[in-house]
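Labels A, B, C, D and E are assigned to the chains in the order they are written; within every chain, residues are numbered from 1.
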Amino acid sequence: MSVEQWVFYVLAAIAVGGAAVTVFARDIVRAALGLIVALLMTAGVFVLLSAEVIGLVQLLVYGGAVAILILFALMITRAREVTYRLDGPQKPLALLAGATLAAAIGVAVVGTVFPTNTDHINPVGFVEMSTALFQTYAVPFEVASLVLLVALVGAIIIARQEERQ
Amino acid sequence: MMPVLGYWFGIAWLDAILRLAVIAGVMTVVVIFLTYAERKVIARVQQRLGPTRTGPAGLLQGVADALKLVLKEDLRPTTADRWVFELAPFMVFVPVFLTFVAVPFTRDLGVRFLSLGLFYIVAVSSLNIVGFIMAGWGSDNKYALLGGVRAAAQMISYEVPLVLTVLGVAMVASSLDIRVITERQDVVPYIVWQPLAFVVFIIAGLAEMNRTPFDIPVAESEVVGGPTVEYSGIRWSFFQLAEYSSLFVLSALGADLFLGGYIWPFGSNPPGWLQLILILVKTSFMILMIFWVRATFPRLRIDQLMSYCWKVLIPVTVAQLFFNGLVLVYRWPDILLLVFSGALLVGATAATAVAVRRAARRPRDAQAVRDRRLQYARGA
Amino acid sequence: MVADFDTIDININVGPQHPSTHGVFRMVLTVDGELVRDLDAVVGYLHRGAEKLLENQDYRQGIGIQDRTEYLAQFPAEQSYVMAAEKLGGFVVPERAEYVRVICVELNRIASHFMFMGAYGTDVGVFGTSFIYGFRERERVYRFFEELTGERMMYSYFRVGGLAWEVMDGFEEKARALLQELKRGINDINGLLTRNEIFIARTRHVGEISAERAIEYGLSGPVLRSTGVRWDVRKDEPYSVYDRFDFDVPVGEFGDCYDRYMVRLEEMRQAVRIVEQALDQMPKSGPIMPEKMPRMLRLPAGEVYVPVESARGEYGVYLVSRGGNHPWRCRVKSPCFTNLQALREMTVGEYVADSVVILGSIDLVLSEVDR
Amino acid sequence: MLGVLRSMLTTLSTTMRRPVTRQYPESHRPIPERERAFPLLLWDHGVDEPYCTGCQACERACPCKCMTVTMKDNPRQAEGTSKRRKIVDTFWIDYGRCMRCNICVEVCNFDAIAMNNTWTGIELSAYDRHDLVMDLDELLALSRAGGIVPWAEYVGEENQKLPPRAVQAARTLAGRGPA
Amino acid sequence: MSSLFANWVAVLFGSIIGTLLVAVALVGNRLLAPRDPGRMKGTSYECGMLPIGRAEGNIHVRYYLFAILFLLFDVEAAFLFPWAVVFRSIGAFAFWEMTLFLAILMGGLAYAWKKGVLRWS
């Protein structure tokens, strides 16, 4: 195996471990921290794929902002540990939903035609990518700002309602 | 991109390890010296002498402190969340250490010269916020929790103006490579074109490092150390190490971005030793300023801190970006960069001062306070 | 679900072992997010039974206890005690002794206010600079007192009837030189804090209390004057020789922390004025004790209350004698204890960070609160 | 932000001034002559014994009850070498409790106790507060070695009702500690 | 080996070395420092009193809103970095495009301001 592969496996293993912690930890903050680890390792994987910018964005947005957001959200719920039973009558439904999702992902993975020659990637340069972003994809870019705005407005409205009551 | 031949021994990974090892050593020494220097400088401001006993002129005080910290008992509250508590120092320290990777000290001295260096530093340095939350949550201490949450809120808020200011410089230089940005300043350092950015950079940097006047999360007189309150000995020292390392990195970065780093005023190609002296002098200048501020200012309150960031710093820095773009895209003369930035700086400063004065003179909305008190009184 | 978003109130102990409780004061804060919802002040950690001790000591011994009760403004405390005894025994204090007392008391007020400035700056978050400025100047005053009385803090210098001993050589010149240094120190503090926008933002409109409420609580001293009430025992019920001096009583406007700071700052300047006048008017020679003082003091039966304007407010000694050489009861009316009552009203509804600023603005001396 | 600048100028100006720190063990602050550090007993060099007769006046007058004094018959009176019929037997002062009010000096009828006003004397930092309880030998040591100027000398004439002999004795002892 | 890898291997080793640094210091501390746990030592600090309840659930909702605001501006920053490098070569179009983007975001900030998110109490 090449060095890159080794690195990939290590990163992937840690990412999966973090994901596992997210699912299984009873302490919600620990679960969130597991998620953060998984997200950070994903950034590493992006870099490994020569997608530097995406990797950095992953660090900046997920490692910084989203992580904090999740942690704050969890701390607002104020419970240190989940003390009530997590399973209930909806268990079969949850199983069904999970299985459906897994099947969908599986189908997607199987159905995708991966490029066969993976030894060599042609990284898109930073400048080319940026130019494309602001020329070809100008409209989606602007729409992104609207999406963000809507998210903000929604959050404010919800929070203010809660505060008033 | 760096030519492969430039690597020590010609091997990239070995070179990386060696350079990082050097950085680790230098960083430790620098931090030890900085703690000493800070105590000395602040002592002089206060007409004291500072450490004088340990070694000549107290120079070994930092070493003695470090030794003491290693030898201290490592305590952890029994109710603390063990893993979160013990891993927090890692999460706080490692990102700061990682920022060293991209800071060029001279043209050849630095671990790596990333073409996205600025982006990288910003992205990585935002990670240690999580560490503060972990420390605050993991300690199971109310002061720590209060401080940790404050730290996180403050650091995320000031991350934004910090990013926007370095972006102002990046726009002028049209590059994210710190070395390129530095070398574009061979004639005029960017502090001249972007005075607002420089001031905001220092302010936001202070807030990022939780230093006075933004030391709210670790405020000694309120939350007695904040997230670090339960940490002792070596574990605590990593918070300290992180703080002073980031002080150093940020000062070096500020010197590179705004003060012409290792070249100005000697043109584009001073000899290596001169580069080193230049960067050291400029970094020390930044650090001294920060010490001076620390010795002078009271601390803001969390709501004032937040509103200062969101109501003053972010609007003006965004406005600066806009004016920068205007000047650069339409190829107006460079002097307009200074005019706009300076005008924004003066305007923002005056507006803040006037707002504070006016708020001080105007009687407070007494009814609101009374209502709140009444509401509390009824609730209790 | 809705309730889940509310922050629950948690109780936090602030003190007794906390950097900004100025001793061993304890307040239990009920905190709602960043706001203080309720405050429970707990005093008594420094209770030493000073009043009980005073009942068992003769009048001379009691003076030392007063020093310890109010360890930042010792001379006003001594003065209150000896004046009570003098009133009871009908002694006339020689004029020269009165002037020396006034000089001591006013210098002590300056020293105490310097201590306040220092500690208050630290409460607001200055990294020690104001503290050192304050202590630097306070040390000068203490050194002067040491030369005068032989002690830095626990002077035992005032005696029933006058002073324990004559002032040292060069008293006047030394005092004038000291005043020059103190003026500079006042300017340092003034330059460091007064106009600093951050300081203003931190203290202005924080911990406000209205004049009516302040009077209802019976507050006194700078805390009362900051609300705009011009009440000063030195002016309104002149004792000693205070009616011979020309000085102003500074008052505030809003009754907030900034006003309390400003009132104290201005009081320091006024105290300098008083000392200067006292030095001018002081008889250059003369007795410092009445002619006939008994060796062992026995006071006639009776009761008396003598208030003085201490650095923190009205400090009064209520003395009951049933004859004999020691008081039957000695009650100390301490300004801090009274001012502390208003702490809850001032703090509730403010930010957690402000609670220590408000506490600091009261300028607490715990041994005097707990006695 | 002029106020902020003013603050910074203030700190700058104090930076330019000379530090006020005194490096304690190497350099001592001059002690005023009236300084009353802690009470000490005086040694009568004329007859080579303490002035103190153990009359317990100071013990009774002490506000914080930090003294314990006992007396005994003076054996040297029988020998005829001393006029003191009684002499101090044991003398304890707990420096941890003493509040240095000078009352013991004022009440002493024999000018036997004085307040130390030198840097030398009894070491006052201890690991155990019981070490701060001084016995007779320790209290007498400094005076015996001739290193104390008693406070009594400076008390105003009206207040000191001291036998002239004692004042004289105190003056002859005038050797200063390191100032 | 690509230069990309050569650059990022430093980051990889940086994180490893940084972690090792902390770990080694902790091990050294474990070896050198005394260990004498006790019941009172194990309590969390609350000014010398026993803590009143556990530390939990005191996060003001306001903080959450700040986090959302930050997320917004962070994403914006992620776009601004590439933009800062290329906007001059693209020209006025990119500039006004970003101006619009920023304007929308500042509109969000203004909305939050008006709604009192930036004010406490």
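In the analysis below, a contact is a pair of C-beta atoms (placed from the backbone, for glycine too) under 8 Å apart; a residue touches a chain by one contact, two chains touch by 3 or more.
As the structure is a prediction and not an experimental result, all values here were calculated from the model.
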{"item": "Central chain (distance from its CA mean to the mean of all protein CA atoms)", "value": "B"}
{"item": "Chain at maximum distance from chain C, centres defined as averaged CA atoms", "value": "A"}
{"item": "Centroid comparison with chain D (C-alpha atoms), farthest chain", "value": "A"}
{"item": "Two chains joined by the most C-beta pairs in contact, as defined above", "value": "B-E"}
{"item": "Inter-chain centre distance, chain C versus chain D - centres from mean C-alpha coordinates, in Å", "value": "30"}
{"item": "Mean-CA-position distance for chain E and chain D (Å)", "value": "62"}
{"item": "Whole-Å separation of chain centres (CA-atom averages), chain A against chain D", "value": "76"}
{"item": "Residues of chain E whose C-beta touches two or more other chains", "value": "5, 11, 46-47, 51, 54-61, 63, 67, 69-70, 74, 77, 81, 85, 87, 94, 98, 112, 120-121"}
{"item": "Sequence positions of chain C contacting 2 or more other chains", "value": "5, 7-8, 10, 12, 18, 31, 34-35, 129, 133, 136, 192-193, 196-200, 351"}
{"item": "Multi-partner residues of chain A (each touching 2 or more other chains)", "value": "52-53, 56-57, 60, 64-65, 68, 72, 75-78, 126, 159, 162-163"}
{"item": "Chain C residues touching chain B - in the complex, by the definition given at the top", "value": "10, 12, 18-20, 30-31, 34-35, 37-38, 121-129, 132-133, 136, 192-193, 196-202, 204-205, 208, 254, 258, 345, 348-349, 351-356"}
{"item": "Sites on chain B touched by chain D in the complex", "value": "43-49, 52, 292-293, 295-297, 349, 352-353"}
{"item": "Complex interface listing, chain B residues touching chain C", "value": "42, 45-48, 142-143, 146, 212-213, 215-216, 219-222, 224, 294-304, 352-353, 356-357, 359-360, 363-364, 366, 369, 372-373, 376-377, 379-380"}
{"item": "In the complex with chain C, residue positions of chain E that touch it", "value": "46-49, 51-53, 55-62, 120-121"}
{"item": "Residues on chain A engaged by chain B in the complex (per definition of touch)", "value": "27, 29-30, 33, 36, 40, 52-53, 56-57, 59-60, 63-65, 67-68, 71-72, 75, 126"}
